[in-house]
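Common to both upcoming complexes is chain A, partnered first by chain B, then by chain C.
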Partner chain A sequence: MRLYLEFVKNAILANSTYRVNLFIRLLNRIIELFIFASIWKALYSGAAETTSNMGVISLNDMIMYSIISSGISVFISNNLISDISDKIRTGQIALDMIKPINFKAWQLCNVIGTNISGILLELVPVLVIGGLAFGFRVPEWKYLILFFISLAGGIAINFLITYILGILGFWFLEVSHFERLLQDLVKVFSGAWFPIWFFPKVLIGVSGYLPFKYIYFAPVSIYLSKVSIPGALSILVQQLIWIAVLFLIGEVLWRKGTAKLVIQGG
Partner chain B sequence: MALIEVENLTKQFKREKKKPGLSGAVKSLFSRDYEIKTAVDGISFQIGKGEILGYIGPNGAGKSTTIKMMVGILTPTSGKVTVGGIVPYENRIENSKRIGVVFGQRSQLWWDIPLRESFSLLRYVYKIPEKRYRENLEHFAEVLDINSFIDVPVRQLSLGQKMRGDLCAALLHDPEIVFLDEPTIGLDVVVKENIRQFIKDINQRFQTTVILTTHDISDIEKLCSRVMVIDQGRIMYDGTLNHLRNAYGSDEELVIETDGVASGIDSLHELELSNIRYDKNKIIVSYSANCVNAAQIMEKVMQTCKVRDFELKETEIEEIIRKMYKKELQQEAVR
Partner chain C sequence: MDPLVLFLRHASMSFKTWMEYKYAFFTNQFVQFFTYGTNYLGIWILFDKFDSMKGWSFYEVVFLYSLNLLTYGLSGFFFWSPMKQLGYMVQHGDFDSILIRPMNPFFHMIARNFNTSFFVNIVMAGIVFGICFNRLGIAWSPANIFWLVIFIFGAFLVQCSMFIFGGSLSFWVVNSSPFINTFIYGIRHFVDYPISVYDTVIRALLTFVVPYAFVNFYPAAYFLNKSDDMLFFPALQYATPLVGVILFLLAYKVWSIGIRRYESTGS
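And then the complex of A and B:
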């Protein structure tokens, strides 16, 4: 247990040395936020609300959506796909496998550590600047608690999905378009910027079978109280189910991948 | 039962046969030809506790492949490997606790943080008792002068420092077996000597079994009691270094640079030499070190002319192996 705490501490330390990097990431987020706020303002073209396939959504809702989504991406997003597939392609994974540690747990600690290091320098500024520029809304405490729980679920699901996509590198030794396609699919269906409310009916149906909407869309819609309390609870349960499923898929793929391992060099 | 047992170990890789040119590229969109490359071909050997084994062979001979199977990161196509009674690739985590590995071309240290932090992390990874951890660090500081750069981030270290760091990282948890894959590559003479001394030391003190792959024959000479030569996936030789040298590697070449043009030195014919060649101001003498030694040749030459400079070329390991491969049918490669 202590070991994994050490890994988290280590990741925080490693990240803190790259201050310019953090600053640029922050800048990136702020610019994105303003761009999307402008887009939504333009799309709404003067109307205060609009009807979607899933109910009435106001401009104010969408702006808050963008702010919250940007904020929570500090915790959710990670570089795991490229990190893991790089390790596999360069053969560095071999050295990781020689250590008596659980690879997945270790990667999780790195992700947590990296994201914690973003709290002060990314999350807080985004929320503050976003709030000052566009106004801020906090839901009632019941929804807030459910939001935090579903956020944890979203982090877990994104971690597991990126982990799986990363270890696909065991099979795809060269950068493959199939992988890119998968990653883009995840981005679209996660609802990071474009909520599923506005998806055409067919795609709303499709997204029901995929775990991706539980990454961004689910927590943010809970925050905005766009679902009922029972609805929110049902979302939490579905997140748990997906976490279990993805965990199992990850374990199976890891076992198959390491068994198949072909390392360059003689 | 020996510490490491390898029985009929084989590893084959499927390689895509790429056809050249544009038409080849188009063809491969539809159908691909694969060829089977056998990296390791049914080899068998045993390694006992406390041995320092030199595992050598030309590039692509199968050295690293064998090591990777013993370490547990590669699964054999057929055959058996047991290390300390367990099968490495089936019990990876258990096996990892007992071994240390240094890959000369890749570091296992954490890149962005000081060396000390890497060691500290490893302490938790291997659950090393506090006291043992401190003792080992002190010992490393003494022999390898670790303290002079222990607080520097690993990415800022020189190659020699990284190598020493990796060696310490591999030995921090007192492993029973240490695999060193080209540990002295690219290092200067002083650091090489320190590292060799260090390895000898831990072998004597803790009976640590060492398996060393290297292209540097002086590594082998200074450290190894036993040598195994592998070529094209097969064990060509398994025995002592002396026997190897005597049997296959005794040919030397002495190049002597003289003052003025060199020509026939009759006294040289008194010695049993393979060949003498004269090239302007150089005398090139080929001989077998079993029959003649360089000093005798120098003596004869210096009696006749002034010597400016000389160079002694010993048989290189590649040469030995090439010869061994040709002589394979005639000599038996046993201990």
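And then the complex of A and C:
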């Protein structure tokens, strides 16, 4: 356990080193937040609220939606896919496999460490600037607790999906295309971009078969109290089911991948 | 040798390289198609629910977005790779090899590095743009065609200049890539939507400081008769070509200063 804590600490330090990258990422998030706040205002065109298939949604809800999902995005972007596939392509993975550590747990520690450093350096500035510019509201404690649990679930789902794409590197030389496709799918079907309650019926149907909405949409709609408490609990159960399914896929692929792995030279 | 002949030789060499990597070529096209198709899908989602965005209809916003995408694709074809690679080349001293060639380094960098991934952007944006032109009932009159060509050229120069400004920073900072990203994946997104949705400060910034608004908003204002749509001066809707040329000259100046600085540090 102490060993893994060291990995977390290392990732925190590594992430804090690249200050310019951090600053630029923050700047892009703030820009995006202002774009979203402005287009929601323009689309509502003076009306305070509109109806959706999940009840009445006010303009304030939408602005809060943008702030919270911008905050969640701090925990969702990671380099896991390229890190893992690079290790496989270069053969570095062979050295990692003979270390007395669990590869997946090690990668998880990297992600956790990166996320922890992101809290202070990225999340807090986004929330403070967003809150000062547009106002901020906190739900009642029951929803807040459920929100944090579903957020953790969403981060786990994102970790497992990116881990699976990374180890596809056992079969494909180049996985960066999959990464691009994943980003686009996540952008639409996670609700990171526009909430699913404004989607046309067809796309709501599609999003039901995909795990992506549990990354952004589910936690934010819990935060905004747009689901009942039993509804929120059922979301958590569905997240658990997806986590179990993705975990199993990851394990199977890892076994098959390492079994066929041949490192040339080295 | 004539610089133009040299440029064309390089271009034909790049073309042969792409033909060697057909699989990569087509997967790149598919991925680009998917990404930018997704962005069109996003506009459709918004307008499925809402009727208008500050008086702009679905086709008007698609028109606006396509103009941005088309000129971004055109400029990316020439400048994406050279400007993204410049940082690495300066760091590793590879840029020296560009300086000793009997060709202007600027044109040499472009000629050896066309980025074919942008083909699909250009084709897709061009087709969608044409559809919007018809849907919005804009006449294909000689005057409109004249302004269309001029505006696209001006907007293309604005987009190129942003790449050059960002890339030229490599001569001053270790890694210029984040700065280019801020331009093309950050600030540029402001003009995915009509800038009349933003408050005056942001509109002024996008007009006078980082003039992305000339890429699509002001030209679109001309075609869609939006001159009452809170423009600072109505004449700005004709200013895209002028802004493009000035910005491009300025960007080239920054590039030249950067090269001189690179030479003086020696490595």
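Assume the second predicted complex is superposed on the first by the 253 of 266 C-alpha atoms of A that agree within 3 Å, B and C clash if a C-alpha of one lies under 4 Å from a C-alpha of the other, contacts with A are read in each partner's own complex, and residues count from 1 in each chain.
The criterion applied here is as follows: a residue touches a chain if its C-beta (ideal position, glycine included) is under 8 Å from a C-beta of that chain, and two chains touch if they have at least 3 such contacts.
Remember, predicted model here, so these are calculated numbers, not experimental data.
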item	value
Superposed partners chain B and chain C on chain A - clash or fit	fit
Which of chain B and chain C A:237 touches, first, second, both or neither	neither
Which superposed partner A:145 touches (first chain B, second chain C, both, neither)	neither
First, second, both or neither for A:92, with chain B first and chain C second	first
A:119 touches, of chain B and chain C: first, second, both or neither?	neither
Chain B versus chain C as contact partner of A:177, first or second or both or neither	second
Which partner, chain B or chain C, touches more chain A residues	C
Contacts of A:248 with chain B and chain C, given as first, second, both or neither	neither
Three-chain overlay, closest Cα atoms of chain B and chain C, distance in Å	6
Residues on chain C engaged by chain A in the complex (per definition of touch)	24, 27-28, 30-31, 34-35, 38, 41-42, 45-46, 48-50, 52-54, 173, 175, 178-179, 181-182, 185-187, 189-190, 192-193, 196-199, 202
Contact set on chain A toward chain C in their complex	20-21, 24, 27-28, 31-32, 34-35, 38-39, 41-45, 50, 52, 174, 177, 180-181, 183-184, 187-188, 193-194, 198-200, 203
For the chain A and chain B complex, residues of the former touching the latter	2-3, 6-7, 10, 13-14, 17, 91-92, 94-95, 97-101, 258-259, 261-263, 265-266
Chain B - residues contacting chain A, complex	13, 39, 59-65, 68, 71-75, 92-94, 96-97, 99, 101, 103, 106, 108, 110, 112-113, 117, 120-121, 124-126
